[in-house]
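Okay, got some structures for you below.
Shared between the two complexes below is chain A, which has chain B as its partner in the first and chain C in the second.
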Partner chain A sequence: MILDILTFIVLGIMTGGVYALLGLSLNLIFGVMRVINVAHGEMLTLGAYTAVLLGIVGIGGVALPVVAAILVVTFAGLVIARVLLRPLTIDGRVHEQRGMVMSLGLSLFLSNAVLAAFGPDYQRVPGIMARGAIEIGDLVLEGQRLVILAGSIVLAAALMLFLRFTLVGLAIRAVGENPEAAQANGISVPRIHLITFALGSALAGAAGALITPVTYAFPAMGFNYTLYAFITIIIGGLGSVWGAVLAGFLLGIAESLSVIWLTTGYNAIVGPGLMLLMLLLRPQGLLGRRLARA
Partner chain B sequence: MAQLEAVALTAGYGGSTILNNVSITIASGCITGVIGPNGAGKSTLLKAIMGYIVPRAGAVRLDGDDITRLPTHERIRRGIAYIAQTRSHFPSQTVQENLRIGAYLVRDRAVRAARQAEIFRRFPILAERRRQPAALLSGGQLRMLEIGRVLMTSPRLIVLDEPSVGLSPALVDMVYGHLRELAAGGTTLLIVEQNVRKLLAVADFVYALENGANRFEGTPQALTATGVLANLYLGAGAA
Partner chain C sequence: MTAIAPPTRRAKTAPLLWVGILAVALALPAVATNNFVLHALTMSLIFAILAASWDVLFGYAGQVSFGHAGFFGVGAYGSAFFSYYAGLSPWLGLFVGGAAAAFFGFIVGFPSLRLRGVYLALATLACSEMLRIVVTNWVPVTRGTLGFNLHPGFPYVPHTPIAHYYVILAGAMLSIAIMYKFAARSRVGLVLRAVAADDIRAQALGVDVFRMKLLAFTVSGFFAGLAGALYAHFIQLVTPNETASSLTILIIAMATIGGVGTIIGPAIAAIVIHFVTEMLQIAGTVFDKIAVGLVLMLFVLFLPRGIAGLVRKSR
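Moving on to the complex of A and B:
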C-alpha cells in the first residue's frame, strides 16, 4: 500500500510537471494580453503531431522532436498573434470576449485541421523515447516519464529566468502590468504581444512533443489540456507564476492518488472537482491576489 | 523655436468630441502650462500629443515632423517623455527595475549606469529603496521615481499630466523644485495642472482651455491681469 501511494505520488509529480508548464504558459499569455486562450491545448496538439510526423519519417530521440515542436508552434503562435489577435487589440489588451470567442473558433479549426490531415486514429511516437526505466527498490520510474518531468522543469525554469533576468522579460512584465505606461517607456506593445503569444504557445507545443511517447496523440487531445491548464491557473491563482507551478503538481498528484479510491476513468472528476472547491473556498486561488482591486 | 505643436486638434472617444480645434505650441527650453477646469479637455489633449488616441482632425508636429499617427513608443524614441497623472510606474517591479524600464531604449550600459547614479544622487531615497517594489513607496517617493524613470532617457521634452495631484503642499514644492531645475538645465516641459497657482509660478507661457477649446494664451502675468482665471474657475458671473 505504501509503495502504491509512493508510486502514484511519483506518477502524479510527472503529470504535474506538464500541468504546471501548461498553466504557466497560459497564465503568461493571459497576464500580458488578457486573452482567454481556449486554443492553448491545440498548441500542445500541434507540438504532439510535430513529434508524430518526425516519428513517421524516422526521427526520434528526446531533444529533436521537442526542438522541432518549439519551432513549429512558435511560428504558429506568431501567425495567430499577428493575424488573429492584433485586430482584436484595443489599448494594449486583447478584447476579452472577442479574444475568447476567436480562440474558441481557432481551437475547433485547428483540431479539425489535424483531423483532416492525420485522420481520427490514435497516433503514437514509436521507439526510442519510451524505453528504459530506473528502479529504486521496488519503485519503478519509467524513463520517458522522467524525461517529461525533467523537460517540463527545464522549460518552466527557463521561462522564469527569461522573464526575471532579460530586458525582453522585463518588458513583458511591464506590458502585463500596465500597457499604457509600458508604451510611455518606448516599449512596443504589439511586438511584446507577438513575443509573449509565441513564447507561451511554444511551451505548450514542447509539452505536446514531450508527452506523445507515453500518451496517444489524437486530433481532439488539446481540449482536455486546455481544461487542465485553466484548472491549474484557477487553483494556483490567476496571474501567479508560482501558483501555477504549485497547482500543477498538486493537481497531478491528487489526480494520480485518487486512482487508489476511484477507478481509472472516474478519476477525471478530481481536477474539475478541485477547481470548483477552490472557487468556493478561495476564489483568488492558492497564491492569487483577491479579485476585488482597489 | 517651436519644438512641439498641436495644430487645430479635434479629438474625443467613441462618438463624443472633447477637443475642438485646439492648438498649442511648446517652445524649446521653456515651461509651457495648460490649465482649465475639469472636463476642459486637458488630458485628452495630452493623450493626442502622446499618441494614445488618434485625433479626428488636426496634426501633432515634433520639430516640424508630422507625428499625428505615430504610435506612442515611437514618440518616446524621438525624445518625448511622458509622466501620466496616475500609475506612470510599475507597482510590482522594484525601484531599480522601474528605472531599467525607463531606460528601455538606452542600449549603452555605461550611459545607463551614469544616469542611474545621477538619479540616485538627485533622489537618495530611491537608492536606499532600490530593491523594494514600487508599491511600497509613498506618494512623494513615487513622483521622484516617475521623474527619475523619464530622466533615464535624458529626454529633450517632458510631458507631465498633473504632477501635483495627491501630494501635500510641501511635496508639491519639492516636485516643482526639481522641474524648475530640469528646465534650467535646458529640458522643455509641458505641464497640465489643476494647481493653477503653482503652475503660474513656474511657467513661461500658459494656455487655458475651456469646454474643449482654446480660451487664452499668453504669459502668466497676462493671464492674471485679464481676469480670465476667475471666469474659468468661478463661472462668467463672478468676473
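Moving on to the complex of A and C:
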C-alpha cells in the first residue's frame, strides 16, 4: 500500500511537471497581455505534431524534436500575436472578450486543421528511452517519463532565469506590471507582446514534443491541456509564477493519488473539482495577490 | 469592456419581416424534400435556440458562460430519464428537461456572487466538465459512452422527418420569441443591461444584482435545456458527446458571428452556420469546422458586432 502511494506520487510528480510548464507559460501570456488564451493547448498540439512529422522522416530522440517544436511554435506564435492579437490591443492590453473569442476561433481552426492534415488516428513517435526504466527497490521509474519531468524542469527554470536576469525579461515584467509606464520608459510594448506570446507558446509546443512519446498525439489533444493549464493557474493564482509551479505539481499528485479512492474515469473529476473549489473559496489562488479579482 | 446592446428601435418593416420569415420556415419542407436536408434544417433550429440562450446571458446580462454544453446535456438527459425511468410523456419531458437545466443554471450561476469575467467563465466550464465526467462514467444510469436511447420520439405526432421539423420549428420560434421578449423588450431586460454595463452602479441604484444574474442564468439554462430535450427526442439517442465543451465553443462562435446582444442575430447565424457546415459535409469536405474557426476570427477582427451590427449600421 505504501509502495502504491509512493508510485502514484512519483507518477503525479511526472505529470505535474507538464502541468507546471503549461500553467507557467499560460500565466506569462495572461500576465503581460491579459488575454485568456483558450488556444494554449493547440500550441502544444502543434509541438506534438512537429515531433510526429520528424518521426515520419525518421528523426527521433529528445533534443531535436523539442528544438524543432520550439522553432515551429515560436513562428506560429509570432504570426498569431502579430496578425490576430495586435489589432485587438488597446493601451497595452488585449481586449478581454474579443481576445477570448479570438482564441476560441483559433482553437477551433487549429485543432480541425490538424484533423484535416493528419486524420483522427493516434500518432506515435519513437521516444529515445521509451524502453528503459530505472528501478529503485520496488519503485519503477520509466525512462521516458523521467525525460519529460527533466525537460519540463529545465524549460521552466530557463524561463524563470530569463525573466529574472535578462534585460528583455525585465522589460516583459515591466509591461506586465504597467504597460503605460513601460512605454514611457522606452520599452516597445507591441514588441514585448510579440516576444511574450511567442515565448509562452513555444514552451507549450516544447511540452507537446516532450509528452508525445508517452501520450501519443491526436488532433483534439489540446483542449484538455488548455483546461489543465487553466486549472493550474487558478489553483496557483492568476499571475503568480511560483503559484503555477506549486499548483502544477500538487494537481499532478492529487489527480494521480485519487486513483486509489476513485474508480478510473471518475478520477478525471479531480482537476475541474479542485478548480471550482478554489474559485469559490480562494479565487486569488494559493499564492496569488488579493487584487487578482474581476 | 462590454457587449451591451444599445437600445433597439422598432422598425416599421418588422412585422412584415416576421411574417415573411415564418412563411419561409413553414414552406421549407415543400422545397427541401431530401430527408438529409430536412434533418440538417431541424438541427439548425436546435442550434438557434442554443445560440440565443447563450446570448441572453452574455449579450444582455454580461456573464460569460463556458458551460452551455452542460446546460444542453442536463436538458437532454433530464428529459430522457424522465420519460424512460418515470415512463411519462416526452411532451412533459421537454419541460422537465428545461426545468432541470434551469436549476443547473441557477446552481452554476451562484459563483457569480463573487466571481466575474474570466473567473466566472472558468467556474461554469468546471461545472460542465464535471457533468460530462459523471454522465460518461455513471454507466448503470446513463449507459455511459454507448448513449441513452429512447424509443418513442414525440407521441401523437407522425413519425416522419417533416413532422419532427414542424415540432422543433414551433419550439424554436416560441423559445426565441420568449427570449427576445424577456431580454430585449422588457423592464427586466433593461435592468440586466444595466447590470452588464456597471454592476456596482446598478447595485447603488437599488438593483439586486445577484438576483438578476441568477435570473439570467436560470432563463438561459431553461432554454438551453429545452433545446437539449428537443434534441434528445428528435435524435432519440443521448451520449456524453452532447456535453463536450466543443459544443460550447461552437455556440459561442455562432453567437459572436450573429452579433451578441440581439438574440435574433445569434439565432439566424446558428441556422446558417449549422446548415452550411452540414451541406459541406455532404460535399465530402473536412473543412467545415476549419471554416467556422476562420470566419469567427475574421469577424472578431473586422466585425466584432457581428452580422447584426452590420445590418444596424446600414439602416
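Here is the rule we use: the second predicted complex is superposed on the first by the 287 of 294 C-alpha atoms of A that agree within 3 Å, B and C clash if a C-alpha of one lies under 4 Å from a C-alpha of the other, contacts with A are read in each partner's own complex, and residues count from 1 in each chain.
The rule we apply is simple: contacts are C-beta pairs under 8 Å (C-beta built on N, C-alpha and C of every residue); 3 or more make two chains touch, one makes a residue touch a chain.
Note that this is a predicted model, so its numbers are computed, not measured.
*Asks:* Taking the superposition as given, does A:V101 touch the first partner, chain B, the second, chain C, both, or neither?
*Replies:* The second partner, chain C, only.
*Asks:* Should A:A113 be classified as contacting the first partner (chain B), the second (chain C), both, or neither?
*Replies:* The second partner, chain C, only.
*Asks:* Considering only touches as defined above, state whether A:G61 meets chain B (first), chain C (second), both or neither.
*Replies:* After superposition on chain A, A:G61 lies in contact with neither partner.
*Asks:* If we overlay the two complexes on their shared chain A, which of chain B and chain C does A:L279 touch? Say first, second, both or neither.
*Replies:* The answer is second: A:L279 touches chain C but not chain B.
*Asks:* Which partner chains sit in contact with A:Y266 here, chain B, chain C, both or neither? Use first/second/both/neither.
*Replies:* Second partner only, chain C.
*Asks:* State the interface residues of chain A toward chain C in the complex, per the touch definition above.
*Replies:* 36, 38, 84, 87-88, 95-98, 100-102, 104-110, 112-113, 115-116, 220, 223, 227, 230, 234, 238, 263, 265-266, 268-269, 272-273, 275-276, 279-280, 283, 293-294
*Asks:* List the residues on chain B that touch chain A in their complex, please.
*Replies:* Chain B residues touching chain A: 50-52, 71-73, 76-77, 81-84, 87-93, 97, 100-102, 104-105, 149, 153.
*Asks:* Please output the residues of chain C touching chain A within their complex, sorted ascending.
*Replies:* 1-3, 64, 111, 114-119, 121-123, 125-127, 129-130, 133-134, 136-137, 245-246, 249-250, 252-253, 256, 286-287, 289-290, 292-297, 300-301, 304
*Asks:* In the complex, go through chain A and note every residue touching chain B.
*Replies:* For chain A paired with chain B, touching residues are 91, 167, 170-171, 173-174, 177-178, 180-189.
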